[in-house]
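Lettered A, B, C, D, E and F in written order, each chain numbered from 1.
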Amino acid sequence: MRIKIVNPNTSQLMTESIDSAARRYKRHDTEITTVLLKSGPSVIDGYYDEVLASAGILEEIKIGLHENFDGFIIACFSDPALKACREISTAPIVGIGEASMLLACTIAYKFAIVSMPKSATASMRALLSAYGLESRCASIRMIDVSVSQLETGLAKTKKLFLQEARKAIGEGAEAILLGCAGLSGLDKEFEKELGIPIIDGVVAAVKLLESLHDYGIKTRKILTYRTR
Amino acid sequence: MRIKIVNPNTSQLMTESIDSAARRYKRHDTEITTVLLKSGPSVIDGYYDEVLASAGILEEIKIGLHENFDGFIIACFSDPALKACREISTAPIVGIGEASMLLACTIAYKFAIVSMPKSATASMRALLSAYGLESRCASIRMIDVSVSQLETGLAKTKKLFLQEARKAIGEGAEAILLGCAGLSGLDKEFEKELGIPIIDGVVAAVKLLESLHDYGIKTRKILTYRTR
Amino acid sequence: MRIKIVNPNTSQLMTESIDSAARRYKRHDTEITTVLLKSGPSVIDGYYDEVLASAGILEEIKIGLHENFDGFIIACFSDPALKACREISTAPIVGIGEASMLLACTIAYKFAIVSMPKSATASMRALLSAYGLESRCASIRMIDVSVSQLETGLAKTKKLFLQEARKAIGEGAEAILLGCAGLSGLDKEFEKELGIPIIDGVVAAVKLLESLHDYGIKTRKILTYRTR
Amino acid sequence: MRIKIVNPNTSQLMTESIDSAARRYKRHDTEITTVLLKSGPSVIDGYYDEVLASAGILEEIKIGLHENFDGFIIACFSDPALKACREISTAPIVGIGEASMLLACTIAYKFAIVSMPKSATASMRALLSAYGLESRCASIRMIDVSVSQLETGLAKTKKLFLQEARKAIGEGAEAILLGCAGLSGLDKEFEKELGIPIIDGVVAAVKLLESLHDYGIKTRKILTYRTR
Amino acid sequence: MRIKIVNPNTSQLMTESIDSAARRYKRHDTEITTVLLKSGPSVIDGYYDEVLASAGILEEIKIGLHENFDGFIIACFSDPALKACREISTAPIVGIGEASMLLACTIAYKFAIVSMPKSATASMRALLSAYGLESRCASIRMIDVSVSQLETGLAKTKKLFLQEARKAIGEGAEAILLGCAGLSGLDKEFEKELGIPIIDGVVAAVKLLESLHDYGIKTRKILTYRTR
Amino acid sequence: MRIKIVNPNTSQLMTESIDSAARRYKRHDTEITTVLLKSGPSVIDGYYDEVLASAGILEEIKIGLHENFDGFIIACFSDPALKACREISTAPIVGIGEASMLLACTIAYKFAIVSMPKSATASMRALLSAYGLESRCASIRMIDVSVSQLETGLAKTKKLFLQEARKAIGEGAEAILLGCAGLSGLDKEFEKELGIPIIDGVVAAVKLLESLHDYGIKTRKILTYRTR
């Protein structure tokens, strides 16, 4: 199958990490194309950035539909514009937040989200609530750095991530979700340190799209996602 | 106080209804300025339209902040871009969905939302859930017309609204919210027919902004709405 | 409009603070009359006191209805007898607990209640649940003094309030509600110390009543509040 | 043990039904004393009546404490003043609403409440929510007669009760609670008609008090019910 | 009445404690027969043990039905096989988890469960959720010992129990449930130490069965528990 | 990868349907082995049958672990013994109920479960609640036939399934889950009739196991599923 991944910001470095994580676990007959936005926020660090990114995401999905991709991934943990994208497509579209949560449910009774920045706590909580999975989440732990600082201060980010993840394990987490696409690719490194599964939403999204494709299931266009 | 109302679409007719409803119940020392988007969807009829409108809403808030407005109203019942707008402003901003629900709570144990189109049921439900007010809502009743048909078929819309509103009363509603800015101004006409309070979110938003202004309370910029 | 505020205890000092807070933020054409109970508990410090106060509250509402007041406020944060009062009146009646929660929702994603005494935790939790606003409350923090000690030990109460409020901010509160009418008038003083909005329910109630009056909305007498 | 039952209204007929139901199922070594209020509402038909009755209930509990009763029952399904009574007593006190719900949980996955009048729907819902038992209730079904009409039109009430109970069974109810003390004593008659357990809260309350007495458990006076 | 208690493991010592606790508070005309499983886990220390025990529990209920017992108790706090047992019996059957929670609700606003081992946290949480009583539970506190270590290290278990119980009281607990049948009989000893009611589910179950027997209520065989 | 599917009953016909559905959508490098229980209920038609089947399921998982299977599926929609199985295995194990719900979430805002028999409504509701997905389920619709009648009366079952599925769509369902392994293989036939995705849990489980295997994620053995 052919999957198009939209990194909804303009960071070349983040786009490469995402692309690389997707390729590492894709099946051999899956083709991955990862794009970044032509214009928009450098990273998504709040609701304002999400709005700025959303029109660009829709644009990339539209282009992808013309190019006959079989499925799409929105590679930002807060799943921006996901419902709007589903309105214009029958090809399945998954967000990395949703994908990582759903996959985690199959191997852990309770998962935790470790993300950033601190102000996004409400946004993470709202995401869980929208998906109905609040009772499956042991803890939301936020690192107090902005997403834009993530790349420049990676060593510090890693250290803080492990700190918060350990607190989450103390609060009952049995799997940890990488709560930001900027952390993509760090799953196995963190897994070695923490001893519990770390889920990269980019990988989870690729695997779910492959599953939907094999099964031949598409986004249903009645009611919520109907084309108007 | 000076209030700027943003009608997040390009319908001149809807902008006039909104402006007129706001002026009817404003205090004499309140100034109302109602604008429509320079470009964007003609009406908001789904998630896709919401995304298209959101950037325009932010633009109008930014302009309004430079013009020193004391408060802002987003005049679409699904409160698009509300959280993003609060990130860039200390002046209070209210959505008409939120405003009508909060005001209804003071006079009715349970309210109902009567809105359109049918596909927006999930969106209405999500709004209630985000505000924590699910237990205060007796019923969500959707008219099966699109928002774009509202103006051209107003007589039919009114008839269908009353039909659904009566079902909602049978389900325990003690007040009805006009679930779409396109219905603005019909509150007292419906009230006469139905015998229970009908709440126009545009009016509710104006009154709440006046309340916040008198009390000197502004959007708090720590945590959720902090400027990044 | 003419508003009657019922302080549901026999404390003259508390009645004066309430009256003064209400006057500070009322509109110039609003008239405030604040009364205390002729007999009843000196302060409301538990469920027992609430029962003792409730008959007196109803009595004052009845008198007020004969005197043609346009709206009523029950000035105790646990909103005692509020539903019973709405049964006998079409004029709007708001409690200060409800009013402060609803107004807080427009400027903060999560609010906290700081109140007393410690035994009232369950009562606060029940109030939130009754209004459906549990998900909007970051924290309930109780000062371990009785309401009767509040006035005599005001300096100590203030210090403890600030302590608990700071804990609440650490738990995600973006606005603090004064959880007791005995704290009325301390909002702006606390606001200076804490840097986030402090909401006095007496003020919130006055503003909401003015809003309802302007809009011409009254308590609906079908179903829940119907006259029997 | 010695149990005092307080019928919180002034109806002699209802007091006799309650007393009789309690005696029918009490253990031989249990003594029942049933009193009605000296003054107050003739029946409890809304929040206003509840307030009027509450002071009288507290008075009867206080008298009962002096007379060394071992336990108390408040014989109105909405459990008025229950928490206030627990504040002034270490002897266990149960309401008939709470008692019938708790006992029903042991024999049915889902129960229903059949009660009156229609306006009390919100009150029943709030009771369930306060006790945390919403998920155990299949249905709340209200008969559209006032409590005061119950005695005079008993035949009609019975017929309407059976109608609503049958609807509740269709909605998944596996036991029916008599949602009003005025229905006390009709359990076995309805059980014969409906073929599922009908629970009379007066009986349930007697049995729970006997259980608590045997076990030597009393109302705990820390925190929520602490004496101030 | 004749009650059969099934201890769903093969521990003779635990069977004796359970039997003894039941006899201490039973009414003089109640006969208690306590049995252990012929084969199965030595104690129930997880989901795997629960499955192993469940067939044995059903077997003992079947034998008991032939011997015409009037009621049954499953003496393990996680209430294993309870719903399956109710499918094959009209005689009432109660689990000690359910029984202790329901009885606790009548004397405390919030209870806590103190249990073991730590891995059973999810199981306790699921139990509360199944019974709908999450909002009545202040805290679940787990001792980090396995159930099999309980008997051999009783002194240590007691010490750890008191430690966790005190934390639970700090979190708002007004009654403590013994969260394991292995703790049966320690209620009054702990009560002296902690000063709040400690509820032994075995006793609670005996008293509830006596109540149901007196009232003549049986498990209803329609819908959920219908015989197939 | 090598997947072992356990059909937890003794029906040869049902085992063949399950095996066939799994093979239809498996990847070419996935090996499927489907077994039925050596002894146990002919079908699972209630809680009693579930208990009878559970020991056999554990036995088959144990055998499978010795034969080094990479993953396991429990092919009964109520996911019997799932948590117990996870306690004894690090290889991932999924139930078909859980798998179909999780996959449905990626393509539909709300799904419905259509299952049988009517008495299993409570069981379905409990499953949703355990997985935290109540808000994602538009409707649970039960066919009033027993599972044992399913095979002999397939034509009738199909007709009733379509009837209930259509009601579910009217209640907002955007995808339908086959709520019983006995319906396995009917997905595409029903999809043609109903026009919305029908999800066969057997297929969903195969795809999720393949995803977990590719990603190298196993059941985490700390806390909830730790080996004791």
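Simple rule for what comes next: a residue touches a chain if its C-beta (ideal position, glycine included) is under 8 Å from a C-beta of that chain, and two chains touch if they have at least 3 such contacts.
Worth saying up front: this structure is predicted, and the values here are computed from it rather than measured.
Visitor: Moving only between chains that touch, what is the shortest number of steps from subunit A to subunit C?
Guide: Minimum number of steps from subunit A to subunit C: 1.
Visitor: If contact pairs are compared by residue number, which of A-C, D-F or A-F agrees with B-C in over half of them?
Guide: Residue-number overlap above half with B-C among A-C, D-F or A-F: A-F.
Visitor: Mind checking subunit C against subunit D and telling me if their interface is mostly the same residue numbers on each side, over half, or mostly different?
Guide: Interface between subunit C and subunit D is built from largely the same residues.
Visitor: Name whichever of A-E and D-E has more C-beta pairs touching across its two chains.
Guide: Top pair by contacting C-beta pairs is D-E.
Visitor: Compute the distance, rounded to whole Å, between the mean C-alpha positions of subunit B and subunit D.
Guide: 44
Visitor: Based only on mean CA positions, could you tell me how far subunit A sits from subunit D in angstrom?
Guide: That pair's centroid distance is 52 Å.
Visitor: State, to the nearest whole Å, the distance from the C-alpha centre of subunit E to the C-alpha centre of subunit F.
Guide: Their C-alpha centroids are separated by 31 Å.
Visitor: Mind pulling the subunit B residues that touch 2 or more other chains?
Guide: Each of 83, 109-110, 121-122, 129, 135, 172, 223-225 in subunit B touches at least two other chains.
Visitor: Drawing the touching chains as a network, do you get a line, a ring, a star, a complete graph or other?
Guide: Looks like something else, not a line, ring, star or complete graph.
Visitor: Tell me, which pairs of chains are in touch?
Guide: Chain pairs that touch: A-B, A-C, A-E, A-F, B-C, B-D, B-F, C-D, C-E, D-E, D-F, E-F.
Visitor: In the complex of these two chains, what residues of subunit D are touching subunit F?
Guide: For subunit D paired with subunit F, touching residues are 109-110, 135, 172.
Visitor: Inside the complex, what are the residues of subunit C that reach subunit E?
Guide: 121-122, 129
Visitor: Enumerate the contact residues on subunit C facing subunit B in the complex.
Guide: Interface residues on subunit C, with respect to subunit B: 25, 27, 92, 94, 98-99, 102-103, 105-110, 131-136, 169, 172, 174-175, 195-197, 199, 203-204, 207-208, 210-212, 214-215, 217-220, 222-225.
Visitor: Within their complex, state which residues of subunit F touch subunit E.
Guide: Answer in residue numbers: 45-48, 50-52, 54-55, 58, 81, 83-84, 86-88, 117-119, 121-123, 126, 129-130, 146, 223-226, 228.
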